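Common to both upcoming complexes is chain A, partnered first by chain B, then by chain C.
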Partner chain A sequence: MLTVDALDVFIQASHILRSVSLDVGPREVVCLVGRNGAGKTTTLRTIMGYLRPHAGRVEFRGQPIHGRRTHEIAQLGVGWAPEDSGIFADLTVAENIEIATWTRSGGRPAAERIALAYRVFPMLRRYAARKGPELSGGERKMLSIARALALDPEMLLLDEPFEGLSPAIIPAVSAGIAAITELGHSILIAESNIHHVPESTRRLYVIERGTIVFAGAAQDAWRDPSLTRIIGSAA
Partner chain B sequence: MTAHVVNLVVSGVFHASILFLVSAGLQVVFGVQKIFNLACGSFYALGAYVGVSAVAWYAEAGGPPALFILPLAIAGVAAGALGVVVERGLLRFVYDRDETFQLLLTFAVVLMMEDAIRMTWGTSPRSTAGLYLTYGGVHVLGTTVPVYNLIVIGASLAIAVLIGWLLTHTAFGCIIRASADNREMAEALGVDMRRLYAKVFTLGTALGTLGGALVIPATAAMSEMGIELIVEAFAVVVIGGLGSMRGAFVGALIVGVLRSIAISVYPELEMLLIYLIVIAVLVLRPRGLFGGAPA
Partner chain C sequence: MSGRLVLAAALGAAVLAPLVAPTYQALLMLPFMAYAVALLGLNLLFGYTGLVSFGHALFLGIGAYTGAFLTSVFKVRSMEVILVAAAALGALVAAPVGALCVRYVKIYFGMLTLAFGMVFYTFVLKFYRLTGGDEGMPFLRPALLGRSLEGLSKIDYLVGPYYYYSLAVLVLATLVMWRIVRSPFGLCLKTIRDNPTKAETLGIGVARYRWYAFVISAVYAAVGGALLGPPTGNVDPTLAYWTQSGNIVFMTLLGGFASFFGPVLGAFVFIYLQDWVMSIVPFWRLIFGAILAVIVIFAPGGLAGLLTPRPAAAPRP
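Coming up: the complex of A and B.
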């Protein structure tokens, strides 16, 4: 579904990503784990076309997408829920979800896509008429993911969906992500806390200072002592 | 006395209607593209000249005088097509540049257009002699109010309602509000910013050119009229709040009526009075009356 091959990314003069490679198969949930500043967001933003790689390739469903503009990548079917949620403050919850059906038509009918977004995060239905600033951090995260889902994408990129959330709301977000997994989307999740990695994650990449230091099954990562120092231990 | 007040209010609100159109164009462009477009004044002047020519052509072709407002309005809106040229040809190269640089570029457009207008239409004022009174006047509280003014006030109100509806009840409006708030996120949802910018800038330009066309039966077109209007539109958006449509509406009313009062009482102090209010707003409510409010 998504193949990232030997990406080198510079931001101004700093070399942020060094030969980052990863891939996400159809219907697969993959986590990119790393500490603060490791390069997770930079990787996802490069996939989304906000940053141009200095070298390397990004392919989505067999087509190269590095060098494409962000809206084209979205139109191809990549949904993006950023770290800060990116909720449109001036739009209601309902409009935030609906907008994704206007900007990318085709595929399933709009009503179905909207209904699906609410089914995955039922809590949002109650707030449909509220605007961005009236939502809690957790509600914003859910809305951001629901909106990406309403785009009807094949693949979702979620940047730290659990960051800064109160323990009370984490189960609701987890349940939503689990529901999306069931729907058969490919998902790439960036995460700094290993405890938030969803159970459905089969494969894990660990990134450290812009380099992938581990790629493999989640259980193997927890057994590797040099990695538990980076990502925390499972216990 | 009442007759005097009625005259003041009508001419003030008439001017406010025109100011609103131009300022609304300025606001929608600023809201989405984050560019303070000084050239909105030039678009206004262009609309005025194109309007004069359209009406002259219409009269020559023998069109019924009572319908002159149609070719005038159509020409005003059509002149908005220049917006695409300016946006695609110039502005798009400076979106990533410093704001100062963008401001200088739009000012360059003002100066270039002033010359282009002089070259095309000459330096002497042009007017649509006589047409203003085609629609006659109505007697209100002891004075005669030109019907044309009332038509323009009504049209401007209708446009204000239409813009409000467009922004709040249509997909295009929703995309505009979303992009004004978070451009990167809108792109990640599939919004082609290049196309949106071209559309928004053209809409903003057409509002300015329409304003210029509609004002012209009541006054003469002069090449400096653009700069004069920028100064007033600037006051409107500072008072109303940058980027806010409601701000443009209320700001235009305040500036329009104030100007009309000042002109009748102390013509020398017209700008001074308006800018005293601007300074008061800047000091007391730096973001304007509706600053930070929705587009």
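Coming up: the complex of A and C.
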């Protein structure tokens, strides 16, 4: 579904990603784990077309997408829930979700997509008429994921879905993400806390200082003492 | 619901004004209605898309000169033809100008629109043989709905048929704009204003949507400009001067760009206040400058913002 091949990315003069490769298969849930500043968000932003790779390729469903514009990549079927949620403050919760059914029409009918978004995060239905500033951090996060889901994407990119949330709301977000992993999307989750990785995650990539240092099954990562220092410390 | 009542009352007052108000006050409604049409369009760009144009007098000018050319050079007197031609020419000029301008945002967008506005102003001012230069061009009395109306005196024409014609155009323009801002397209413009980079992640081509908004706003400004012509009967380059662009931005701020009807209210208050202040003191610009400063500092939501109390902010979680 998604193949990232030997990506080198610079932000101004800094070499942020060094030959990063990863792939996500159809219906697969893959996690990109690493500490803050390791390059997780940069990887996702590059996939999403915000950053141009210096070298390397990004392919989505067999066609190269590096160098495409962000809105074109979204149109192709990549849904993104950014780290900072990025919900539209002047739109209500309902409008935030509905707009995604309009900007990428085709595929499943809008009503079905909206219903699905609310089914995954039932809490949002209560806040349907509220606007962005009236939501808590966790609610924004849920809305951001719900909106990406309403785009009816084949691939979902979730950037640190649990970052900065109050412990009280983490179970609701976690339940929603678990429900999404059952829906059959390909999902790439960037996460700094290994304990938040959903159970359905088969494969894990660990990124450290812009380099992939581990790729493999989740349980193998725990056996590697050099990795537990990285992923175990982030608790 | 009270909003609808206010709206109905305002419309009723506008319908009755020529019958009950002094003729002079009714005449002042004509530029108000013309500016109101232009401002509905400007606010699609300003309030809904977040782009401040300082060059929209360009499109007012295009609309007005279209009418002047058609009536005095091509002997076309039909107001319907004039409005359609003004809208088409507005769109034709806005398409390339907008394509260049929407690549920039904030002050760069504003300055670029200002530059294009001044290019047009200089053009109509200097091409004396074509445009009459600073003397302008006559905008002959247009026929309305195919009726020539030459038999009426100018005042009877303006506060009679032309008044209601302008009102009908304003109502129609309002209904169309209402549909536009309520459509998914309107929502997309709002997302672009809120956060253009995140709007892209939903598949919204930001530059293209900004361009649509620019062209639509130019069409509205051109139609408003064409409506401005008949009351004075003459079109001159001051209509396209940058202070005009400033005035319509002022009207928008005065009324409140965050509200759909704010700019219309702003145009109304501007026109009547300007008339009143000018009748008392010669330095009306000083007064208006002070008003603008007060609005920006104390009422950034404009008059509409003062009239509609903001819902109390929810407590921060």
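For the reader, a short list of remarks on this structure follows.
Simple rule for what comes next: the second predicted complex is superposed on the first by the 232 of 235 C-alpha atoms of A that agree within 3 Å, B and C clash if a C-alpha of one lies under 4 Å from a C-alpha of the other, contacts with A are read in each partner's own complex, and residues count from 1 in each chain.
Basically, contacts are C-beta pairs under 8 Å (C-beta built on N, C-alpha and C of every residue); 3 or more make two chains touch, one makes a residue touch a chain.
Source: prediction; values computed, not measured.
Taken together in the superposed arrangement on chain A, chain B and chain C clash.
Shared-chain residue A:50: touches chain B and chain C both. In the superposition on chain A, A:134 makes contact with chain C only, while chain B stays out of contact range. Once chain A of one complex is fitted onto chain A of the other, the partner contacts of A:89 extend to both chain B and chain C. Which of chain B and chain C touches more residues of chain A: that partner is C.
According to the touch criterion, the shared surface of chain A, contacted by chain B in one complex and chain C in the other, consists of residues 48, 50, 69-71, 74-75, 80, 82, 86, 88-91, 95, 98-100, 102-104, 147, 151.
Chain A contributes residues 48, 50, 69-71, 74-75, 80, 82, 86, 88-91, 95-96, 98-100, 102-104, 147, 151 to its touches with chain B in the complex. Within the complex formed with chain A, the chain C residues making contact are 184, 187-188, 190-191, 193-195, 197-206, 313-314, 317.
The residues of chain A lying in touch with chain C in their complex are 48, 50, 69-72, 74-75, 79-80, 82, 86-91, 95, 98-100, 102-104, 130, 133-137, 147-148, 151. By the touch rule above, chain B contacts chain A in their complex via residues 171, 174-175, 177-178, 180-182, 184-193, 294-295.
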